[in-house]
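Here subunit A shows up in two complexes: once beside subunit B, once beside subunit C.
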Partner chain A sequence: MIKNKQTKLERHYATLGMMLIAPTVLVFCAVIVYPLVSAIYLSLFDIYTPTLQGEWVGLDNYRELLGKGEFWASLRTNLIWTVGTLSLQILFGIGMALVLHQNIWFRSLARSLILFPYFISTVVAVLVWRWLFNDLYGILNHLMMAAGLIDMPVDYLGSMPNAMISVILVGAWKYFPFVVIAVLARLQTIPDSLYEAARIDGAGPVARFFDITLPQLRDVLVVIIMLRAIWDFKEFDLIFLLTGGGPVTSTQTLPLLVYKEAFSLNNMGMAAAYAVAMMAVMLVFMILYIRKTGEKDA
Partner chain B sequence: MSNSGNGKFDVTRRGALKGLAASTVLATLPVRAWAQDVTLRWWSPQGSPDQVAAYKFQIEQFEAMHPGIKVVFETTSDEGYAPQLAAAFSSGEVPDVVTHLPSFAVASYYANGLVEPFDDVIEAIGADDYYAGANDVFKAADGKYIGTGIGNTAANMLWLRKDLMEAAGVDKAPETWDELRAACQAMQGGGVYGAPLPYGRNSMTSLIFIGVIHQAGGQVFTPDLEVDIDSDATRAALDFYASMRELCPPGATNYSWGESLTAFVSGASATGIYAGRVLANVNAQNPGIANSVTCVTYPRISTDVAPWTFNDFPSVFIPAQSKHKDAAKMFAAFLFNPEGYIKQLHAAPGHVLPVLKSISTNPMYLDNAIIKAYESEVDLMASAAAGGYNLGYESAAHKSNDKGGEVVGSGVIADLVQRVVLNGENADTVLGETSKTIEAIMKG
Partner chain C sequence: MADVVFKNVHKKFGDFIAVEGLDLSIEEGEFVSLLGPSGCGKTTTLRMLAGLEFPSSGEISIGDRVVNDLPPGKRDIAMVFQSYALYPHMSVEKNIAYPLKKRGVPRSEQGPMIARVAEMLQLTPLLSRKPRQLSGGQQQRVALGRALVRDPKVFLLDEPLSNLDAKLRGIMRAELVELHQRLGRTMVYVTHDQLEAMTMSDRIAVMYDKKLQQFAPPQEVYREPANRFVAGFIGMPSMNLIDGDLSQEGDRWMFRSGSISVPVGPLVADARGGEACLGVRPENLLLGEGPTPAVVQLVERTGHENIVVVEIEGGLRMTGRVPASTDWKTGETIQMSIQSEAAHVFAAGPTGRRLNIASVAVRP
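On to the complex of A and B.
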């Protein structure tokens, strides 16, 4: 006969366990579940932002959203921005990490300075870049005109595809240090013996990179790509301050669309619907991330 | 829909004295200690260092007169006030006094029950001291005033360089678009562009282009607030705007107020489009051209169409959720106390123009180097602004439009400009879509 009844001690441990886990559950509910449920709840209403008063519209916001060309155009722009800036971040990040992994004389200083773009406030960074891009006084146009490369200043932020390229480049500049730090940390743990063995086997620098370094970086790159993809996908301030989503809506990503609905049109319900749709797209990234990290654990 | 354009104010001696008396009464409002300490939060998007210094002076004077009341000034921005106020309103943690927001924003908030009626504050300031009709834009459908103007701004004046005009053989200030285009073509060259018109996806492009529609004899809404943007006048405005593109710097496709102002002040463009801040900035940053600068109302399609000046009617209002309404009203009225108010106006001379007759004629106000040096320009801006309009109040015949803020904020008019002028899309198609979008916004 199986004894189902818990002993007093077991019940006590169970209660203690629940008490210990309760703070975590409460914090999780407060910072994750509540905002999530609120966003979904708001998305079912037609709400005037300043008062948060409105009426129930059910799924109308979603029907309107899916029927709007602006949503799909912004999603497409969002993907172009994310893929573009993320690719450059990875490329620059790995390249710079490899340089900083070498025994160069200014290595310590360079490792500190490389973090500068990542730490600087986005507002300040954008102001600096807007001046660099300025058509009348920007150093980029000035140098290119002085070098005879162009006759007239280039319109970096007001025409396509320049605006998208500029935004992607500034994004890559701002966030590639994150990749540098993560990759550099991993590079320092790759055993030298692997490289020594490869050298003995006659492998050159390129072969060593592709056959040893890159496979060793694989795990960290998976994590970096997933995290940065999520962060870049929801990037708002950098794009908003650089182009405002223009020209027309050429650089208007979904976060900018959410902002426009919420604060320019005072339509918080529709903004919440856009935010929920964004979350659904990001969920794909999350599932990939969880699966990858799960595989690693296994 | 006309500007007097004569640059003169109809101020009688008696009127001026009444205004001064009202202001003096204000200054001597009963001083009483508050039982509990009260902290008033004052928000404004106008926060240049000189302006903040003037606000500090006003705050110190007010606090000295009212022990127990503390005033804290907090800066917001022209592009950022909407989300900040939305968060404040929805959380209930509102500022007690808000200044310098455009009148149509206040109308939108009042229509949703977020703004305290302002009639008693206007009475305390002295209703008779305002220029005739100065508060019409703030009159709600229920007959109450929702705020008042803290100043007037003629935001789309055409700024000119007399030296460049002379060198290019332009003998008079342009009055029509054809004359403006010809003048800009004549003055463009040698690193100087004709004009810094905004083509960016921002509120400046929307607000300036609304003016251009009116300068073509059109309107965005009928007086009954039916959407009327799809018109021949708008097509003419788009044609004009497109024709000016080659006379503007390449980066004008992303210009907003700051870039447009800098282009003229720095000498990179021969004409400018801005409010009176040009005067202070030219004198401080490029004094070499200071003697050559002048302004006129912005040209229109023909002289048969009256000038249309964009005045955002910078406001003062009190959020309905303020916990200290009485103190806030006292402070709002105190902002017009001559000494402090004049200091505030002098912080951006010619930019924010007085709304009170007694201030315009006050020797203390007139005793300012820039106002003296540019007397005719300041007078012209004052009269143009007094007869000015905005999307919340397109003409004296128009109903108050409490969706004006949303229409501007949506960017639909800037999009119209960008799609037709920059992308070369079909104007008929884009105008049809623009009308539908604005109609949807109006329906809420």
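On to the complex of A and C.
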């Protein structure tokens, strides 16, 4: 008969395990659970930001939020920005990783240089781009006019859809190196023999990309897309510094709306409700995404 | 008609020479093994034939076509890789179908072709599985299936059994031979395992130091090794190679090394006296009889026979084979002699050529 009773040694190991895991659990509670709970708690109050005085309003903030056109407009803007910039990041990222995976003579240098946009601080990057985009002195307009592509300077940040396109492009430029590094790392682990077998089986370069490379990249792409989607969805500084959400509210994504509610309109409770709603939207997308990618794996 | 021909093929990677002056002519339907130690150029040779590497100079032809500039997909070859190189995200069925798909075989024709190969290799119940769900032997079969399905002119096999355990290797060896007999196709097989080469091949191309050393049927490679390297490489346990001096005494040749002095010959007409090497197979070392005293150093019992390592005066060690019934102990002194009529003589140097004309090299 098998005894279910724990031995002294097993009990000792169980205690030791609890003790070892305890610090992590405590830190997790302090930095994740507490802010999350307090954000949800705050969202149930009407709070004046400067004094942080408020009164209980229950779910009123959420009712107001769902009835407001601004929330839905910002959600739509947020989705356009996320999908737009993420697609370009993935496209450029994979393309550049494939180039850097080839035996080219400046490969080592290029691999280091490619990280530059990712390393550079967002403030600096945005300042540089704002100058490039400047409608009066910007080099972009100057070059395009010199090349005869345009007759009049283009307002890149002050009109639509230019502002959204510009924000998406700068976002793609800033974050595609992350995709390059992750994809490149995976590319280097794909065995050469798979490509050789495919060549013998009669596959050309395009077929080899779609039949070998892409399926092999699938797992890493799932992770990249998930991480970048989360990060892009809650991107604040790049958009805030580049357009401030304008023209009017054309590029105002949810994080910018949260900021506006909290610090311009001094509505901390409402801002918290927006933040919680944002989290809920992301959660729904992530659950759907993980389910979908998990299904294919089975 | 020769099916695969290498004409004076050289391959360099930068300054590194991988294959030098290779001339090889493989007959249609022949099973040829490229055998040699690591770095001898055998895999590069196979890869050149596959089109995965291009020769630096020389000519390679398959059938009556020079294939130097043809990409692998156009050479009408199939290859089984050491790592199997199965497409991990595809099912067994899709793996086997892939070469058909890439060659534009209509889907309706693919089904029966896959079914035929799957049945031949007993893969039918596994068709829907992914490679990671298969054992090593099953993966090996799928790799074979992918090669077979297209019915190519030449099969290339790059150490396909080296990742299998000893028992399965034995089974697959027999299956491959059977498959070759059934298909009658030309097969080029790279291996460093002489047992595989000896048991499976019609002819063995022994390679060493980037060059072809000998190209002959297994028995000939064993009995009449072209040079000292081939002599030492082929045979388990390997041939005893004794460095010494060759001299002509009257009308006969004598080989001397320390306390060993044996008559050898007949030798080739241009044989010269001086430094040479005597080659004696373990079965031609007569232990327990003869004039030379030897001390037993090691006895390996394999079951059906004993492998005995002895040391003679001067510290020279030699290996012999004796029936399992002999019961010598380590440290025991026994008598020994060399069956001189079965011994080989090689010129000095690691690839010194064989100087004796013919050798019986068999123990009665």
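Couple of notes before you dig in:
Going forward, the second predicted complex is superposed on the first by the 269 of 298 C-alpha atoms of A that agree within 3 Å, B and C clash if a C-alpha of one lies under 4 Å from a C-alpha of the other, contacts with A are read in each partner's own complex, and residues count from 1 in each chain.
Here, contacts are C-beta pairs under 8 Å (C-beta built on N, C-alpha and C of every residue); 3 or more make two chains touch, one makes a residue touch a chain.
Remember, it's a predicted structure, so these values are computed and weren't measured experimentally.
Superposition note: with subunit A as the common reference, subunit B and subunit C can be accommodated side by side. Using the contact criterion defined above for the overlaid structures, shared-chain residue A:G58 touches neither subunit B nor subunit C, since it reaches no partner.
Our angle of interest has its tip at the CA centre of subunit A and reaches the CA centres of subunit B and subunit C; in the overlay it is 150°, to the nearest 10. With both structures placed on the common chain, the touch criterion links A:A197 to subunit C but leaves subunit B unconnected. Residue contacts after overlaying the shared chain place A:G148 against neither subunit B nor subunit C.
Looking at the shared chain after the overlay, A:G67 reaches neither subunit B nor subunit C. By the touch criterion stated above, A:Y259 is placed in contact with subunit B alone, subunit C being left untouched. Contact comparison for subunit A: of subunit B and subunit C, B touches the greater number of residues.
Taking every C-alpha atom of subunit B against every C-alpha atom of subunit C, the smallest gap after superposition is 50 Å.
Common to the subunit B and subunit C interfaces on subunit A is no residue. Within the complex, the subunit A residues that touch subunit B are 48-52, 133-137, 152-159, 163, 243-249, 259-260, 262-266. Those residues of subunit C that touch subunit A in the shared complex are 50-52, 71-74, 77-79, 81-83, 85, 87-89, 98-99, 102-103, 146.
On the subunit A side of its complex with subunit C, the touching residues are 191, 193-194, 196-204, 207, 211-212, 215-216, 218.
Only residues 82-83, 85-86, 89-90, 108-109, 112-114, 199-202, 249-255, 259, 262-263, 266, 268, 406, 409-411, 414-415, 418-419, 422-423, 441 of subunit B touch subunit A when the two sit together in their complex.
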